[in-house]
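Please see the structure below; I have some questions.
Naming follows writing order (A, B, C and D), and every chain is counted from residue 1.
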Amino acid sequence: MVTLHKSANRRFALLRETLHRQLTPGAWPGFGLSPLNRAVCALILLASLMAVLETEPTLRQAASGLFFSLEVFFVTTFLAEYACRMYAAGEEPRYRGISGRIRYAFSFWALVDLLAILPFFLAFLPFNNVFLLRMMRVLRILRLARLGRFSRAWSALAGALHARSYELLLSVGVAGLLLLLSAACLYVVEAAEQPEAFGSVPRALWWSIATLTTVGYGDVTPITPLGKLFAGITAVAGIGIIAMPTGILAAAFSDVFQHKDPRSEDEADDSYSLSQPERQRHDAGKMEW
Amino acid sequence: MVTLHKSANRRFALLRETLHRQLTPGAWPGFGLSPLNRAVCALILLASLMAVLETEPTLRQAASGLFFSLEVFFVTTFLAEYACRMYAAGEEPRYRGISGRIRYAFSFWALVDLLAILPFFLAFLPFNNVFLLRMMRVLRILRLARLGRFSRAWSALAGALHARSYELLLSVGVAGLLLLLSAACLYVVEAAEQPEAFGSVPRALWWSIATLTTVGYGDVTPITPLGKLFAGITAVAGIGIIAMPTGILAAAFSDVFQHKDPRSEDEADDSYSLSQPERQRHDAGKMEW
Amino acid sequence: MVTLHKSANRRFALLRETLHRQLTPGAWPGFGLSPLNRAVCALILLASLMAVLETEPTLRQAASGLFFSLEVFFVTTFLAEYACRMYAAGEEPRYRGISGRIRYAFSFWALVDLLAILPFFLAFLPFNNVFLLRMMRVLRILRLARLGRFSRAWSALAGALHARSYELLLSVGVAGLLLLLSAACLYVVEAAEQPEAFGSVPRALWWSIATLTTVGYGDVTPITPLGKLFAGITAVAGIGIIAMPTGILAAAFSDVFQHKDPRSEDEADDSYSLSQPERQRHDAGKMEW
Amino acid sequence: MVTLHKSANRRFALLRETLHRQLTPGAWPGFGLSPLNRAVCALILLASLMAVLETEPTLRQAASGLFFSLEVFFVTTFLAEYACRMYAAGEEPRYRGISGRIRYAFSFWALVDLLAILPFFLAFLPFNNVFLLRMMRVLRILRLARLGRFSRAWSALAGALHARSYELLLSVGVAGLLLLLSAACLYVVEAAEQPEAFGSVPRALWWSIATLTTVGYGDVTPITPLGKLFAGITAVAGIGIIAMPTGILAAAFSDVFQHKDPRSEDEADDSYSLSQPERQRHDAGKMEW
């Protein structure tokens, strides 16, 4: 009896260890993502694609049954995955036992996993508001955020952005001032001619942002000669608005790439892997659950 | 009696020293801005936001009382701040006494402070001209310029721009020539078809600037095959017009960041502070006022 | 008789060697392309230009005979060139004999050459479908791909792109997420007002991509204040979408140019040549065909 | 009599030397441009501005007399300047004597000077063609080319462009291929729906260039889902089309600025001057004219 119990224990220990290794990106000994996590990634992408397609009324009406069945399938799979992750979390010392599991449930990525499941159940609430209904549908697309768990390698880019965040913020500030200034100029000279589009500074901001970012929709354009003059100056300033952050980022990336050069020769493979295996080894003999 | 006078003197000296330390960015011993200056910054931002919102006719009519009360509050606060700054200026040797205060009143930032208060009183003049009225409203937004007093740290960016100002000016010149050339070409080939939009070089400049900056409103587009050919060449040249200043700025920032590297390790905190405390110490015992 | 046969053999060997030297970019001893290959390049460009012009109905109707005659000329020339290349391939050991020729026929560039001839014969099939007919015409333009055989020198640029392909892919991913997010936002706030343009996330993507890439057609623009707010944020994010890949490429090119500096002094001429002569010398005495 | 003749000779020699020093940018001993050349530059700019304004019909009708008088003034001044330059050219050994003057008259900048005067006299020819008349007016704007004589300092920028001309040409080639490819795709999928805009590859090129350069006029946009898909891909490729030359230029400028660093400390002033004085000293005693 004791032997049987012990053997079951050992089997559970092995199962938990295997799950942990498959589900935790850092615990996978091989290169890249484990097969199970790849399947999870594919499911997340597929679920998001379905959520995108379901917002299209013609598709929703044509295949409402298919969309609902797929949604049920995705949610049950995600629920099963959530349970497995919860169980496998016990492999790490800090998440052992009941209190550890509660601590895990409130960890960042566990909350994201839970939030990815929730919209399905919210959809059963009786919504009459069309706006909220659309919001519900869009919430399903945010499941894509779950992919963040599997990507640790864009730290180099994020580092370059962070190192120059002060300069980038400053150029955002300069852009904001130019935005306000050009909107104020156009308000002064164009308000009389086009009160609907330039009747106030907030209204003129719509034109101003479309011009400074060089988007240029053309739904609103100045018609007075003075307005066109200021618009021309704004458009030229828009080149500066593009050039400044681009220049800052180029210099920052140049810095990062040059400092990474010695590293990149030794750890070139790692910089291309989605998750670095940290080879955390746990003694599988201990059990708390 | 003498002791009382002396004690009052000492109290005034302390007050002036405290005000000076709180109001002058360079005199604050701590990191960043003093609490009082932070409040001033917040007020300036709020006052500018209100000035922006007040230009919207629907809001102005809905809450004209609120806007006027807030304006009165901002102006009285700015007046009080101006008086305090005038008083605290005596802490610095060059602004001591009556003549020093007059010298202070004509210093750059003191004039900016005064100009930020003026529009309120100008609004009481009987304006019949709608254009001038709009201008008055926009002048209030220019209070944002007062924020310049608190920012000394963007000198690195300004330095990069200044070091390459010759190259940047040159690329502006090249852009100007291309602008004129493409406007002249379109004038020659499109004037007969679209006299309103391309009937003269100055008119064609409006299309030319929208195309070269890649804004592309689309309110004016060539319709003849030859006009479209020249427009295509102009659009491709527009990429060069964006690429040149961006490339110059990228190289300039790269230069600045690399030369700042040794400095940034020692003074990293300072480069992120809005104002460097210069730890100017004044003996508080002397009094002139 | 033996002498005559030997002399003919020698003449053929000489012809094949000359053809090989003229046709294979790597076998030309001089700088750049051989005269024959230059003629082939010119023919490819001319044939592509004709294919482009032939799609224009007015030109096709005005000069259908000319277009057909030119097409017959191009195809016969390309066929002759294909035969010559097939024959000259025997100069290289791996393409000798019948089996070598078959191996050559399945080599990448030989297949491209064959595919450039095929559309002519496909045009004789009785197509009723206008869509397929247009596709046939466009296939002729793809002959431009044949030029790839003659260009080996853009490896420096391709190398810079490849070395940073991970970072570039990441910025494409970030762009994709922003695209989806802004489309989702606009779908939520604008679907009620403009169901045709923002009635679903896939529909909103059309607006989203035009804004994020700063193209800004203006055929679809938000009209609600909240929609305009999100559109403004999207437009500003679009600057980041341009700045990131530009910054990465600038840093990558900077890296490549700096590492190429010692090389460029020795091999400066080669880096400007379209094809590096590899000076492969074949003993012309051997013959298999 | 001999003394008088000698004195007149000496006076002429002095005049010619002064004129040469004032008119030839390289012969001016001081910093920047000589006062006379500055006046010439101002005149050229003014004459070009007048030529631009004269194309506007409303201005031309309102002040035709003023425009003609100014044109007469500019042309007589330019003629006088041309004569002076011709006379002063004798100061340089290679332009001495009658044959030297003829050689000078065919030098590049002398021809440009002559061409700047010509349009005035061509205007007296009896033109009935409105197109040629517009061309005549635009020719006057090309006087701006004369400014090129005074600017020698943008060689650093031109050098950076030249050093990477191969890479820049390559990116133009890639852009051209993308342009053709996207036009061909849109022709295939949109020709049936919008024959006017996408009925042939040359017609589709107009849309294609507006999209790839991110100008995005919006006068022509795809309406089929497949067309919108290809348009989206084209717009994203457009970012690459902007990023590639920008990255190449950024790296090239970075290279130039870094190699110029030691020089810029010694000759910083020169890099900001429009023309470097070459301190050519001529012995004024010799006379040929």
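Note that in this section a contact is a pair of C-beta atoms (placed from the backbone, for glycine too) under 8 Å apart; a residue touches a chain by one contact, two chains touch by 3 or more.
Here the structure is a predicted model, which means the values were calculated and not measured.
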Query raised in the report: Chains in contact with subunit A and with subunit D: which ones?
Result: B, C
Query raised in the report: What angle of turn lays subunit C on top of subunit D when you fit their CA atoms, given in steps of 5 degrees?
Result: 90
Requested in this report: Quick one: point me to the chain whose Cα centre is farthest from that of subunit C.
Outcome: B
Query raised in the report: subunit A to subunit B: how many Å between their CA centres?
Result: 35
**Report entry** Geometric centre distance via CA averages, subunit C-subunit B, whole Å
**Finding:** 49
Query - subunit C residues counted as touching two or more neighbouring chains - result: 214-218, 242, 246-248, 250-252, 254
Query raised in the report: Residues of subunit B touching subunit C in their complex?
Result: 214-218, 246-247, 250, 254
Report summary line: Seen from subunit D, its contact residues with subunit B in the complex are 48, 52-53, 55-57, 59, 130-131, 134-135, 138, 141, 144, 153-154, 156-157, 172, 175, 205-206, 209-210, 213-219, 241-242, 245-254, 256-258, 271-272
Report task. Write out the stretch or stretches of subunit D touching subunit C in their complex. Result -> 164, 166-167, 170-171, 177, 180, 184, 187-188, 191-192, 199-203, 211, 214-218, 221, 228, 231-232, 235-236, 238-240, 242-244, 246-248, 250-252, 254-255
